[in-house]
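Below are two complexes that have chain A in common, paired first with chain B and then with chain C.
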Partner chain A sequence: MNYFVTEIDRAGTVAVDDTILVKGCEAKAGSHILDGFVPLFSSDAVERLVKAGFTLRGKTHTGEFGLDIAGETSYHGVCKKADGTLSTAAAEAVAAGAVKQALCVDVNGAPRRGAALSGVDFLKPTYGTVSRYGIIPTACSGEQVGVCAANAEDVEEALSVIAGHDGKDGTSLPAEKYEYAADKDVAGMKIALVKELYDAADEGVRAAIDAFRAKLEKAGATVEVIPVTDVKAYATAWQIMLSAETCNNISRYDGVKFGYRAPVYKDIDELYVNSRTEGMGFTAKMNVLFGSDVLSKNRYMSCYDKSLRLRRLASEKMKEIFAGFDAVLCPAMSALSVPAYDLAETFERTERELLFTTIPNLTGIPAMVTGGVQLWAAAFGESTLLSIAATAERMAD
Partner chain B sequence: MKYEVVIGLETHVELSTKSKIFCACGGHSEADQPNDCVCPACCGMPGMLPVTNRHAVELAVRAGIMLNCRINQYATFDKKSYYYPDLPCAYQITQWFHPICTEGYVDVPTKHGVSRIGIKQIHMEEDAGKLVHDDWADVTYVDFNRTSVPLIEIVSKPDFRSAEEVLGYLEKLKAMLRFGGISECEEGAMRCDVNISIRPEGSTELGVRSEIKNMSSLTAIERAIKYEVARHIDAVERNTETLVQETRRWDDMKNRTFAMRNKETAADYRYFPDPNLMPVVVDDEWLKEIRDNMPATIEQKTAEYASMGLSGQDIASLVSERRLCDLFDAVVASGRRPADTAAWILTDCAGILRRGGKVIGELDIAPEALSYIIGMVDEGKINRGVGKKVLGAVIEKGVSPEQYVKEQALDAKVDESLILDTVKTVLTENAKAVSDYLGGKEKALQSLFGSCMKVLRGKGDPAAIREILVREIEKLK
Partner chain C sequence: MTVENLKALESLNEFRLTEAEEEKALAVFRFMEGEAAALQSVNTEGTEVMVHCMPMTNIFREDVREQAFTRDELLEGAPEHSGDSWIVPRLVK
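== the complex of A and B ==
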């Protein structure tokens, strides 16, 4: 199985997904429309890794603009697990030991789902801690570079390098550096299990959650089931914002400046329409249609503006939860295995899976997948997530 | 029936910042090649993020203060989406939901007194690029030099009732913005959209409005307004056409407006807040800093110069250009007399520039240099004529006055004996002129004086030379 859309150095130990720019290395973001686009600069995260002595192995396949369930919409090649089911190329590369760490952009949870499907770890840090400079943008208000690795210590090793203030990103937070630790004591921690998300997952996932819960309790933590009644509304809100921002951000791929240009057109309108029709895949087109609609004059207030309000409500809800709990436990997706399916279903399927992954993208809080389950913490609570994951990883099943 | 014209203006002004509004590219107005002044950010390459230019915000706030606006201490940047090849991201960053300034006014002098024009808002935005069509090759080229150059859009209320008011407003705006260091307002750097409608006199309802896009010449604006008024009245009175709210384009050659294709105007811009730019928060401290650093207005400078005793004409000339005021202020601050300094700038400097086919607004001289020359003359080290000669060399050749005076030995002391020797030589060599003078032709003295000055190469005090010349020639009677 080839994980890489572009190989950089066979001796390298870090992979980056194809929505993260590496200077001089063609970036396709899983789409045909970016054909031939070679960036003039590297993303800040890559710059930091290289400066710290990490070496790049290559760029992993990603679904079109990273918007699908687990990489299945890539124009350039889909990575599948040995049994033919889906997972992301980055998570599979880590699981197979091809790389120690992989950087992935988490905008709708695909890297978290990949980690759950491949049985590895992925941490999406707090919004604003890792620079977004040099990542191919989709939904800027919720996207963040995270780290995929086989265990919490390896996640921490790369994350501590890539996090820190960057003047080239206006949303980058001021701290120059973040100190992370994976050795906080789990004993005495209070963990909330979200009832609605637990109930929405299948039996296999629920069994994984139960097993993880048992480990936490064995390690001295307490787990309490709590309701978060609006999870569905939050997911819809993020779907609206994700599509709106993505539609806007990918409007620049018009065949005029770089990327794919249709060979036949008679005027500028046809150049746009033909290039985008031929260059964009189903997922991108669905986001363009849906995103244009929710931003239109007639719908802005009832869709986009309402989503902004829901984002605030979600943030308040999280603050309320984290006032009483150290972390939240929930599924990362509805099932532990996803068969290949018709791509025309992607948009709706992703919308369903967003239920589990939305809140960290919508509110900016950190989220981690480990052992097939998902954990959330309050903003800057990465060390809590890493410590829980490390503790569970040390315990035998 | 008598009609009243109702006009509102949207005026786009380019801000005089060193760099673009969201990236570090600078100097687009000096770029001589297309796409000389671009970076991955203003070309719309994915992965680049906008970072707000603080100085652009300061200039927008300064404009708001000058136009008596409320400064909104919380403002946002929003994205406006439309497809056009001169817009690399397919969206323009502007201020739609929370503009930086609202609710101001400006007083415009007209023949009939002062008209107060309301300002609805001032918002910041980035400019688009430029398309250059090559008809011969039938290709269109894209030039992104102008992309992302900071603009403010000053939106007036529909308070204009005549073309005269519109022109007066634009001229006043231009003078204020230039003087306030907000914009150079160079050719094409100030562009207007004119919204125009008519209604029966006395009516308070607004008529059907047409918008004439992208006007930059004052004379064209005046003609376009006259044309539109006539068109609207014809439509209302003679049913020549049904007026619809639409966007029109002025054709300067055909001297009329044309409706733009519906496709160009019916767009839904799908505005939403730009998540990459934090809201602009002008806190009290920053606002105070901007207020404290406000340059004096034309009115304040006029009063200040009047109190120094300058003539009305000199004041008007100085305040026509911010840089003349800055030069004048610096030279006066170095201890030179105001009236004298004004004369040096407005008479001598202007004369030298005119000689080279330039206008006073183009004057580029360091205040230290001008002050040095005036000082030399005041202290009698050189005479005023030599001073002018030095000034000419400084302005035209860019030399330093100290060095020039030294090289040309212009400050060498000319003692009386040298003057006397020179006068005697001139008198013997110009027997004809001497006899003319002695024969009663007073004019001949001027020719002899000129000869003396020529021999002395302009050195020496002209009054002393003339005195000695007269004394010596009288002896010959």
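== the complex of A and C ==
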């Protein structure tokens, strides 16, 4: 199976997804509209890895602008598991041992779903701790570069290198460096299990949660079921904000300065329209249309403004939860297998999956998928997540 | 969302959908209108908007030029260019 849209060095041990820029390497973010775009610089995360001695294996396929369930909308090829079901190329490359670590941009939870589908780990760190300089932007206010690896220690190794202040990113937080550890004692930790998300998942996912919960309790943690009653509203709010931001970010692709240009046009308007019509897939277009609608005069207050207020409510809810708990346990998605489906359905299917992944994107808190389940912690609580994951990984099933 | 409004959004965003895609897009809009309507049941009165999910402050740095690319480097990525310009169809008729 070919995980890579571009191979860099067959001896390399790290992959980056195709929304992360590597100088001199074509970057397409899974979209035809960026065909031929060769960046003049590398992302800050890649620069840090290379400086620290990591070598790049290649760029993995990603869904168009990261807007799908698990990479299925890529124009340049879809990565499927051996049984024909979907997962992300990055997670499959890690699961197969083709690379030790993979950097992925988490816009809507796709890398977390990929990790759950392929049985590996992925950590989306606290917003602002890893520079977004040099990633192709989709939804700037919630997307983050994270690390996929086979276990918590390997996640920590790469995350420790890529995290830290970057003056080139206006959303980068001030700490020069972050120290992470995967060896905190889980005994005595209090974990919250979100009832609404547990109930919304299928039997297989609930069994994975039950098994993980049993491990935590065996390790000395306590698990308590809690309600988060507005979680569906938070998911809709992120879909609204994500589409609005996508609409703005994608508007720059017009076939003039870089990327794809339609071969046939009679004037400048046709150049724009034909290039964008041919260059973007339906899901990207659907996000643009919905995004421009929610930003319109008639819908702004009831949709976009409302979503910004829901972001604050979600953030306050998380602060309330983490005042009493060390971490949250919940499903990463509704099912641990996604058969191939009609891509005309991607927008709605992905919107439904946002239920499980939205809160970390919306509020900036870190999230980690391990053993097919998802964990959240308070901002800067990555070590808690890594330690819980490492503890569970050491325990036999 | 009506077909006319959808076509206006397509025009605004400089792309076209096929008829089949328009039909699907209208269905997606109906679905999302239902989702958005449900938001109104959550009381946000008195809640301030939250633009940044983390506390953000302006980043100031010395006003010196860093990492400038040459005109040739920037033109190299264009689908069509000539000399020192991007090539586009004639704008003035």
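Couple of notes before you dig in:
In the analysis below, the second predicted complex is superposed on the first by the 397 of 397 C-alpha atoms of A that agree within 3 Å, B and C clash if a C-alpha of one lies under 4 Å from a C-alpha of the other, contacts with A are read in each partner's own complex, and residues count from 1 in each chain.
Everything below uses one rule, namely that a contact is a pair of C-beta atoms (placed from the backbone, for glycine too) under 8 Å apart; a residue touches a chain by one contact, two chains touch by 3 or more.
It should be emphasised that the depicted structure is a prediction, and the values quoted were computed from it without experimental measurement.
Contacts of A:S251 after superposition on the shared chain: both chain B and chain C are touched. In the superposed model, A:I135 lies in contact with chain B only, and not with chain C.
Chain A has more of its residues touched by C than by the other of chain B and chain C. In the overlay built on the shared chain, the residue A:G170 is in contact with chain B and with chain C.
With both structures placed on the common chain, the touch criterion links A:F282 to chain C but leaves chain B unconnected. Of the two partner chains placed by the overlay, neither chain B nor chain C lies in contact with A:F4. Residue contacts after overlaying the shared chain place A:F212 against neither chain B nor chain C. In the superposition on chain A, A:Y260 contacts chain C only, with no contact to chain B.
In the superposition on chain A, A:F54 makes contact with neither chain B nor chain C.
When the two complexes are overlaid on their common chain A, residue A:S43 makes contact with chain B while staying clear of chain C.
In the superposition on chain A, the residues of chain A touched by chain B in one structure and by chain C in the other are 37, 40-41, 141, 167, 170-171, 251, 254, 256-258, 268, 272, 292, 308. The residues of chain B lying in touch with chain A in their complex are 40, 43-52, 79, 81, 83, 85, 88-91, 140, 142, 268, 270-273, 275-278. Within the complex formed with chain C, the residues of chain A that make contact are 36-38, 40-41, 126-128, 141-142, 167, 170-173, 230, 232-233, 236-237, 239-240, 247, 251, 254-261, 265-273, 276-277, 280, 282, 285-286, 288-290, 292-294, 299, 302-303, 305-313, 315, 344, 347-348, 351, 362-364, 379.
Looking at the complex, you find that chain C touches chain A at residues 1, 6, 9-10, 12-17, 21, 24-25, 28-29, 31-32, 35-36, 38-42, 44, 47-54, 56, 58-59, 61, 67, 69, 73-74, 76-80, 86, 88-91.
The touching residues of chain A, when paired with chain B in their complex, are 21, 27, 29, 34, 37, 39-41, 43, 132-137, 139-141, 167-171, 244-245, 248-249, 251-252, 254, 256-258, 268, 272, 292, 295-297, 300, 304, 308.
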